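Okay, got some structures for you below.
Next, two complexes with chain A in common: one pairs it with chain B, the other with chain C.
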Partner chain A sequence: MSKVTLTIDGLDVEAEKETTILRAALDNDIYIPHLCYHPELSPSGICRLCMVNADGEVVMSCQTPVDQGMVVKTKDPEIDRLRRTSIEILVANHHASCRGCPGSGPCALQKIMAYIRIDRKRVRRLRLPEEDLPKDQSNPYFDYDPNHCVLCNICVQTCEKIQGALHVIGRGIRTQIAFYGNNADCQSCMECVARCPVGALTAKESRSTHG
Partner chain B sequence: MSAKCNALVCLGTGCQSGGAEEVLSSLKEEIDRLSLGETVQVKQTGCHGFCQRGPLVVIEPEGIFYSKVSLDDVSEIAKSLLPGEPPVDRLFYREPATDTPLPHYMEIPFYSKQQRTILRNCGHIDPEEIEEYLAAGGYQTIKKVLLGMSREEVIDEIKRSGLRGLGGAGFPTGRKWEVCYKAQGPKKYVICNGDEGDPGAFQDRSVMEGTPHSVLEGMMIAAYAIGAQQGYIYVRAEYPLAVKRLRIAISQAKQKGFLGKDILGSGFDFKIALFQGAGAFVCGEETALIASVEGFRGMPRLRPPFPAESGMEGKPTIIDNVKTLASIPVIIDQGAESFARVGTEKSKGTVVFALTGKVENNGLIEVPMGMTLREIIFDIGGGIPDGKTFKAVQTGGPSGGCLPESALDMPVDFDSLKAAGSMMGSGGLVVMDEDTCMVDLARYFLDFTQRESCGQCTPCRLGTKQLFDILNDITKGQGRPEDIDLLLEISEAVSTHSLCALGKTAPNPVITTIRYFRDEYEAHINEKRCPTGVCGMLET
Partner chain C sequence: MSDEFGEAALKNILVFYEGKRSELIPILQEAQGINGWLPREVMQLIADFLHINEGEVHSVASFYNQFRLMPLGRKMVTVCRGTACHIRGAPQILVDIGQSLRLKEGETSPDLEYTLESVACIGCCALAPVVKVNHKIHGEMTRERAVTLFPKLSE
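Then we have the complex of A and B:
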């Protein structure tokens, strides 16, 4: 495959022609906030956080291919302003504090909050959810906590190729991941848990996992 | 009454709910009883648009228009059809202001200002009889196309006509077809989008019920142009009459050799299947619709690729609205130039609106692009009832914007509506009077969109919910001083970053009510007062 050269934040970067901007950036240790991207999966483009400025236009970096001579800026005031609002909405709806969260540490949302320097005062302008949603503990190997879930769809896409045991149900604010009583299908491979970017899918403590 | 005439009984969904079926059968019996069978033909038709006045009976060729016909009126109508008998004047439509009786269809302002092109057959032919469609010139254009036009010529004709999609986005139809025509692959599809999920909308339903063959003919021409062999009509399962009439139409078209193999000896093969969607509002979005036909959860997909390049099963697919497809035979028949003579510079032809809300005449109307909102609401619609004043009009369905009095003289087309903060959508037009609270109205629409969001992408799923929650607080007197700016900020994020047009357009009602009626927001927030008194709990 042929290579192209582009600049990201002033840095010359070489990338394969079909690569997306996001992948090219991450490969070169340039971080762009993202939740629904996973290197092994085709881009679903649903978290809508990975925007950058490419040749003067704001685009989603996970679905935009690189181009020879392209000039990409991962930060600018417009991007920061628009992205900040989306992230604040996400955080406001995240019924949880990071303290004691099983996802804490490698959590992708924590990383994003740190990256944009989240301002809790601004988040408090928003309306916070009234109540915690019940956890789904029906799977024998792991639990699902909808309060932590960012609906990145990574687990569903992952399992689609394995067993198809995970599904999206509901609409609007009630959208959730569900097992649909398909727990018997689950192979306990724990791939979904491993890939969950936040602390929404967690292994049951008492069980040993397959890693 | 004249020697030979037709008594047309509207059997659209609206008139049926008012008892039109009984009127039809009883009128048939009466005509038989009076031995008028030779001279009077009693027929069913699709919707005339004036459902509010239904059940309707029209006597042609005179065009005598009887409204609100009940079973008790039937014998009198039948008698009036005897030679030399006068019409039944007590059933005439009367102008509300002056009480003047207007016996004829075309004297009634609701109809006289319309230009019925897409709806030309609705209310005039029996939609369950292909012979009537043929007699009205139907299936002439598919003949013309198959026997005398190249695929490129058809696409060129549609491009030159300037037709833009009537399902929402107003994308130029000919350009879309051209992309699909150029896309590689032996297998292609044409899909007719008859989902019509906007609450209260009935434009597409009326076309499918009133002139189903026009839709089929449009699909055939599209299929020929792009090279498709299979078509689907996606129609809501909640539209049983449309489903029934489309089924009948498809089977009749097959019998006559307009569908199937080697159509009209041209070598062109094409089949049409019905797909009944029981899906959500979002299933009308083209990529979600395709997902749902494929058997997946109806969720929008990333574009590009656009369906015209990679749609159904990854094959090039044209997806067009019911009204767009029903316009195609008109263009082929009249020619692109003649079609393009109607309308504005960038929006050609006519547009069908479902005129509803606080307006004297509710119903389905068709007008040339570029007519002003004032003409639509006050001339065709007859103005605001009960001596109230006009406050706002919302166009384009639940994601449309609310436009104030100052927009009334704007010529209506795709671009002017967009510039004003609203949209054409699929042709909803809801009129609001002085009693409407604009904050409450925005809350109502956002309640709909936040529930109908497919939940896939962050800005739409969570942003519309935030907008709704904030609007809800404001109507309860719990608004905060920073809320107006916050609403605008969230609206911008949702409309710029959502994945599909549901999210991209959902903030329109919020943005426009703030733009045009900001003082109402301020009264709610700062004075805890609802100027119209709709949000009653505020006054303390």
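Then we have the complex of A and C:
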């Protein structure tokens, strides 16, 4: 297998040729915010949070392969400006507080908010009227809370390979994840619950599945 | 079996298709013509025909504004909230009509009499603010006239 050398934030990093920038960075303990990336799934590029500057161009690090001699910057003013807007919109529509949230702790959104240092005032200007969307408790093994969901699509992509029981429904601010009559198809493998990066899918009886 | 959802009509539509996944949207468009909306039974039959699961059909149908997953009222009340109508008071008219029909935007009354909708510009801004009931346009709407529209229309 051939290796390439690139620099990420001034650090020389060695990586397999086909690896993505995000993978190479994470393998070397360099954090790049990401929500929709999961090591077992093909990168969907939905969340737009993993953007970096690679050789002068803004790219999604989860979808861009490394290259010999590539120079990557994970932080610069332009990246910060672009990424901040994406994350602010997400946070503004995250009608949930972390207190008591089952995802709190390993939650990817919490980590990103801390990393980017979200300015609550700026976010408030984007906030929609408070709305408590009903939970979907129709699945016998786990519950879905749309108020916590960041629509990363990881659960849908995960189940696609297993049963295809989960789907995205609706559009725009009304988008949700739904089972739509496919509960009988669910294999109760709990892979979707385990992979949800926030506290939107939780096992019934609030057994913790994060690990 | 009763044919409440137009299964026979759907079969007549499906004979013109090959059963390919890419045919989903045109099939949904034609199938909606049967009842004016897409009952779950119809979506299930389409899913079977295309060998995909029902959730996928629902996922696609729920994305597009043109597809309706709920029955429509006999009277479609459409309040324009395009720019011209907005400036001339559409938001308040929408609230008033909603109150007198006891419906929120997008809802249909349980007796299937009314569906309340809003739209961004009907295309006759000179008459703003505009309310459409089925195909009839009511222009230069006022709060007072808006609420009198319905008893008269439900004759």
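To be clear about the criterion, the second predicted complex is superposed on the first by the 203 of 211 C-alpha atoms of A that agree within 3 Å, B and C clash if a C-alpha of one lies under 4 Å from a C-alpha of the other, contacts with A are read in each partner's own complex, and residues count from 1 in each chain.
Operating definition for what follows: a residue touches a chain if its C-beta (ideal position, glycine included) is under 8 Å from a C-beta of that chain, and two chains touch if they have at least 3 such contacts.
This structure is a prediction, so every number in the text was calculated from the model and none was measured.
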Practice task
Tell me which partner A:Leu166 touches in the superposition: chain B (first), chain C (second), both or neither.
Solution key: second
Exercise for the section: For A:Leu90, select first, second, both or neither according to whether it touches chain B, chain C, the two together, or no partner. Expected result: first
Practice task
Identify the partner contact of A:Thr202: answer first if only chain B is touched, second if only chain C is, both if each is, neither if none is.
Solution key: neither
Problem - First, second, both or neither for A:Asn28, with chain B first and chain C second - result: neither
Exercise for the section: Look at A:Gly45 in the shared chain and tell me whether it touches chain B only, chain C only, both, or neither; answer first, second, both or neither. Expected result: first
Problem - Touched partner set for A:Ala178, first chain B, second chain C, both or neither - result: second
Exercise for the section: Using the superposition on chain A described above, determine whether A:Arg127 touches chain B (first), chain C (second), both, or neither. Expected result: first
Handout entry: chain A residues contacted in one complex by chain B, in the other by chain C
Key = 168, 170-171
Completion exercise
So, in the complex, the side of chain A touching chain C is made of residues 164-171, 178-182, 185
Handout entry: Complex contact set, residues of chain A against chain B
Key = 35, 43-49, 51, 58, 63, 82, 85-86, 89-90, 92-93, 125-127, 150-151, 153, 168, 170-175
Problem - In the complex with chain A, residue positions of chain B that touch it - result: 280, 282, 297, 299, 302, 450-459, 461-466, 469-470, 473, 480, 482, 486, 489-490, 492-493, 496-499
Exercise for the section: Sort out for me which residues of chain C touch chain A in the complex. Expected result: 40, 53-56, 58-59, 62-64
